[in-house]
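Could you have a look at this structure, given as structure tokens, before my questions?
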Amino acid sequence: MIYFRSDYSQGAHPKVMEALAATNFEHTDGYAIDRHCEHAAEMIKALIGRPDASVHMMIGGTPCNVTVIAAALRPYETVIAARSGHCYFHETGGVEATGHRVTTVEPFDGKVTPEGIDFAMSEFQDEHTPKPAMVYVSQPTEIGTIYSKAELGALRAKCDEYGLMLYLDGARLAAALTCGANDLTIGDIANLTDAFYIGGTKCGALFGEALVILNPKIDDHFRWMIKRQGGMLAKGRLIGVQFEALFEGGEDSLYFKIGRSENEAADRIRSALTDLGIKFLGSSPTNQIFPILPAKVVKELESDFFFYEWAPEQDGMIPVRLVTGWGTTEDDVEALITRIKELI
Amino acid sequence: MIYFRSDYSQGAHPKVMEALAATNFEHTDGYAIDRHCEHAAEMIKALIGRPDASVHMMIGGTPCNVTVIAAALRPYETVIAARSGHCYFHETGGVEATGHRVTTVEPFDGKVTPEGIDFAMSEFQDEHTPKPAMVYVSQPTEIGTIYSKAELGALRAKCDEYGLMLYLDGARLAAALTCGANDLTIGDIANLTDAFYIGGTKCGALFGEALVILNPKIDDHFRWMIKRQGGMLAKGRLIGVQFEALFEGGEDSLYFKIGRSENEAADRIRSALTDLGIKFLGSSPTNQIFPILPAKVVKELESDFFFYEWAPEQDGMIPVRLVTGWGTTEDDVEALITRIKELI
Amino acid sequence: MIYFRSDYSQGAHPKVMEALAATNFEHTDGYAIDRHCEHAAEMIKALIGRPDASVHMMIGGTPCNVTVIAAALRPYETVIAARSGHCYFHETGGVEATGHRVTTVEPFDGKVTPEGIDFAMSEFQDEHTPKPAMVYVSQPTEIGTIYSKAELGALRAKCDEYGLMLYLDGARLAAALTCGANDLTIGDIANLTDAFYIGGTKCGALFGEALVILNPKIDDHFRWMIKRQGGMLAKGRLIGVQFEALFEGGEDSLYFKIGRSENEAADRIRSALTDLGIKFLGSSPTNQIFPILPAKVVKELESDFFFYEWAPEQDGMIPVRLVTGWGTTEDDVEALITRIKELI
Amino acid sequence: MIYFRSDYSQGAHPKVMEALAATNFEHTDGYAIDRHCEHAAEMIKALIGRPDASVHMMIGGTPCNVTVIAAALRPYETVIAARSGHCYFHETGGVEATGHRVTTVEPFDGKVTPEGIDFAMSEFQDEHTPKPAMVYVSQPTEIGTIYSKAELGALRAKCDEYGLMLYLDGARLAAALTCGANDLTIGDIANLTDAFYIGGTKCGALFGEALVILNPKIDDHFRWMIKRQGGMLAKGRLIGVQFEALFEGGEDSLYFKIGRSENEAADRIRSALTDLGIKFLGSSPTNQIFPILPAKVVKELESDFFFYEWAPEQDGMIPVRLVTGWGTTEDDVEALITRIKELI
């Protein structure tokens, strides 16, 4: 069985595992206050050119999202997100569990739009309606699409118009930053948002995300918030060690290499399927692609390949999700393309 | 610097690291639904003799505590705990963040007593007072003491008298089960509680705890609760892999060996210090000991050894906490004892 | 200034005030456990033909909604409501404050539809998505429209298909039950829902709503829930006394008389405006009507009449909300109609 | 049956009822934004000499407490209260329902002490422990005792030392301000606290409390908080009308008259019982007294008088709570004293 199921179906990239092994016998203090976490934070601040940033080593993506939102909002405030956004759609109400609404807007190609923000703000009237205070986006989105620099800038401008914070979930940020269609640097993202996180889990780490807070208001007693929300890791240095391994070398580091290799594998599949006349859901240029295949082909493929059916069959067709990861090999990609060609 | 700071200052026991390396390139589905998590769960169910148990691979101790409590209680219900209990004292209000009170009782030698439960229940009167529904204990307690079989049985009986659930936090369960004073088997604990967890983080894992739910009421949609509370790990199999390594061999497994080695190191220190006439806070027979040392000795020791001062200086004396871990060596222990002898 | 602003702009109907005055010097126990509350509950149970119902005297509509929802749902569960529904749109996130999502669906003529429920359920997939457990509707809706018996029956059937509870907010239930288009009895509503409330505030009481719980699961320790959510009134008997006054005489009681008089006033306005060729938002047959008037007319009217502009001006027209109350007089209605005729 | 059960067993003082009747047919806008609420607020600001205060008309005491605490605290913060304090002991976990701990301290004569605050702060250490941010007291306390000016000043100084806010629950403030032992003016209270409320329910109103916020931080979007917490009354003017009636005349107003009459009745009972050699729980100088009576006397008294047994029988004695209200008559008091004299 060959996996195109997700970019977290294997363990860690070998270089990350090496770093964990090399530091395994060191003693450090717990809870992500140690030399590795500090060093990783410094590397990230240098990379984004923001020495004023506050960087926290987080245990996972949902804890990032929920903790940032709970820290940033007053009780009567809400966060605006696409109805398809991860913090709304795939976190089992984690935001609401902290007492806050996710005010949903309809996405366009997976993305929040300035018009969506206008709509959400039009619903806010007075003390009978909760007040949006933040916009949540992910880069890439749930369907792999990315915001251009102009699009993210337009969201920033719209947020400023209404006094909203802008938070970016970068679970797969490596794939976004290294895909052909991208025109945003990680420094741009730091400058356009109030906070964002750099995902490790889906880029070769065992687990762990690096949260970057640019707006000091969000950073207030943030370590208290991490602990309260259950996201503080005893052996916190493990996250620091992994991010050291990922970002050693800055823009030439493993982090960007993994992003590129994921995208290259996806590009080959995308290109081959396009040549076959296959259509896709959304315009993803990153490592998640959503070809719409004949149901019969899908069922045959499932004998040898493991992936998600993304939506129910309609008119004999099923959109599927194919994801490439750090460990996806050329052989995996060839096998998939060959098999689809046979079946079409 | 030699660490007696905590049992989570190093990475994982070499055998745990080996298991992670050996399985690193496998592909599995995410979120702790995979063969390793299933196998580890089966091993644990066999060990405790409870095939009916539900075992969940959890990311950490606080997520265990908070998720169990939030899953078990109705909104108007509370959990009774010692004022010194971890879920009250060291989780930054994580339980209250889910809307529930921790009803505190005064501990005796770190432990909840039947009289404490009587007291808490005496405060519950009618619809103006929240209703206790669960008792939280940890084995060992925050000060390393342990419940005997008779004591845990008495708590169970008292819980039954009031219709309360009993939940046991086993962050350091290995140390409790393998210390000289212990008369409880892990099977006894399963039979006396509604849920408990077997701590991995403080017993040689990188992270991870195995939560064992015996009362089906608590298990209702528990995976929804894990996700909602932010505790679901994408590469969930990592926890399963580590628990396979820890429990391979059942009662002769690494888990119990680590517990024994931690206790042996602590026993040697305890014994040597007792011989020097040093007194201790509490009666801990496990791998955390709390000698009360002259302030001057403490300050000298701190040049070479890293540990917590447990309470402020009083009458020239300071209680300190010394913790042994899976990586504590005989040399570490010797060095500590020798240095204290010199200083006393 | 003549008020068509709301049905709660005046105090209580004179007969309600009389009842409060007549019982003012009585001593009773507090918190809605007294002979008046008990008697009012018995009257309501008789009226709806459900001696098994549990009736609670509540302080207001939002406390009803929030307390019922918080009592009924498990933490990982949500309530489905129209995006325009009161519990979503006009309660400042009160539901989310208890940790639960309101899963919104698009309304049709203000109403939740079976297709809307299908849509909401299609979003629920597994432990990564919160689970809808209840449907919230109001009768009439936020725009005064009503569910027919067939429509409410279809919602009940759809709820049963998915195992959902059905809760009905009856803030203006009197207006719904007594309007010309209605074919539902209050007994039908009791038989089709798991809980509903009979609104007093908007039907001649100073305040207070009678919550009727038919599903015992929701009623678990409900008084604890009322107190926890801040909705327990010390002099709780006041609500009982008012409902005694409202329901004395059963189907001929003041409650239904007020409903009818509110509707008659609205009918006269609706009819006169329709004759003038004025169009309306929605198809409300109850005491809230939403004529779409030329902006210039609206501005002129505002000199003498107090009402809400319901939406921003568009193409020179403004939809306004006109509401009639227990105290709306024939003269008020005549004055309004006359003035609009002059202005059109 | 003669009631010494509570000060809320009857309806409203006749002058309050008159005010409600006199304004009943007026039309006003809803939600406590109207001329009566504004006027009542102005009267209160003048009385306390703080034109900068923000005054909110609240529906009840628990909504006051919970809303103030939820508005004032950041998510990781707690409120310190006596274990016997109302917000901890008699509000069914309403504070915890908003995600915050009540950090309890042992009371002395029902009161929070500076030493208690020191103790609570000693438990706060770092990001693993929630951070106290406010102290909750009530004047009088749950057992009727009062803080002297020196005592409240000492609490204020202690709060300032730690950067804590001080909030005072004045459910029975009239009784405190008018009792013989009091040396605090209502202006002093305004100057020593960050917020306090003036209780109406227990001083002759049907319901309603006037919340006075002195610290602008607490007042941030406070009406959003009121609505979110379910405490916003549609016919909000009713509270304003009642407080106008209570405070007409300032320091000679009905509010203080009722306080005095309640205390005088209590004083007569206290004095008569003291003459009989009866002892009391606590040193209450206000309208709640707690004589410790022989169990047999208590049981006999219960044939004719309605009151609470405050604690279980011990050594043949039962402490009871006797409360006088605005409607307590001289005859009621005489009857009680006479009967006790007969029984002793």
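Think of it as A, B, C and D in the order they're written, each chain with its own count starting at 1.
The criterion applied here is as follows: contacts are C-beta pairs under 8 Å (C-beta built on N, C-alpha and C of every residue); 3 or more make two chains touch, one makes a residue touch a chain.
This is a predicted model, so every value here is computed, not measured.
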Common touching chains of subunit D and subunit C: A, B
Furthest chain, CA centroid comparison against subunit B: C
Averaged-CA centre spacing for the pair subunit B and subunit A, given as whole angstrom: 33
CA centroid of subunit B to CA centroid of subunit C, Å: 51
Subunit A-subunit C separation of Cα centroids, rounded to whole Å: 43
Residue numbers of subunit D (touch at least two other chains): 75-76, 91-93, 97-99, 127-128, 130, 224, 227-228, 232
Of all residues in subunit C, those that touch subunit B in their complex: 31, 70-71, 74-76, 98-99, 127-128, 130-131, 220-221, 223-228, 232
Sites on subunit C touched by subunit D in the complex: 1, 3, 5-6, 8-12, 14, 17, 20-21, 23-30, 59-63, 66-67, 91-94, 97-98, 201-202, 206-207, 224, 227-235, 238, 306, 327
Subunit D partner contacts - residues on subunit B that touch it in the complex: 75-76, 78, 89-93, 96-102, 104, 123, 127-130
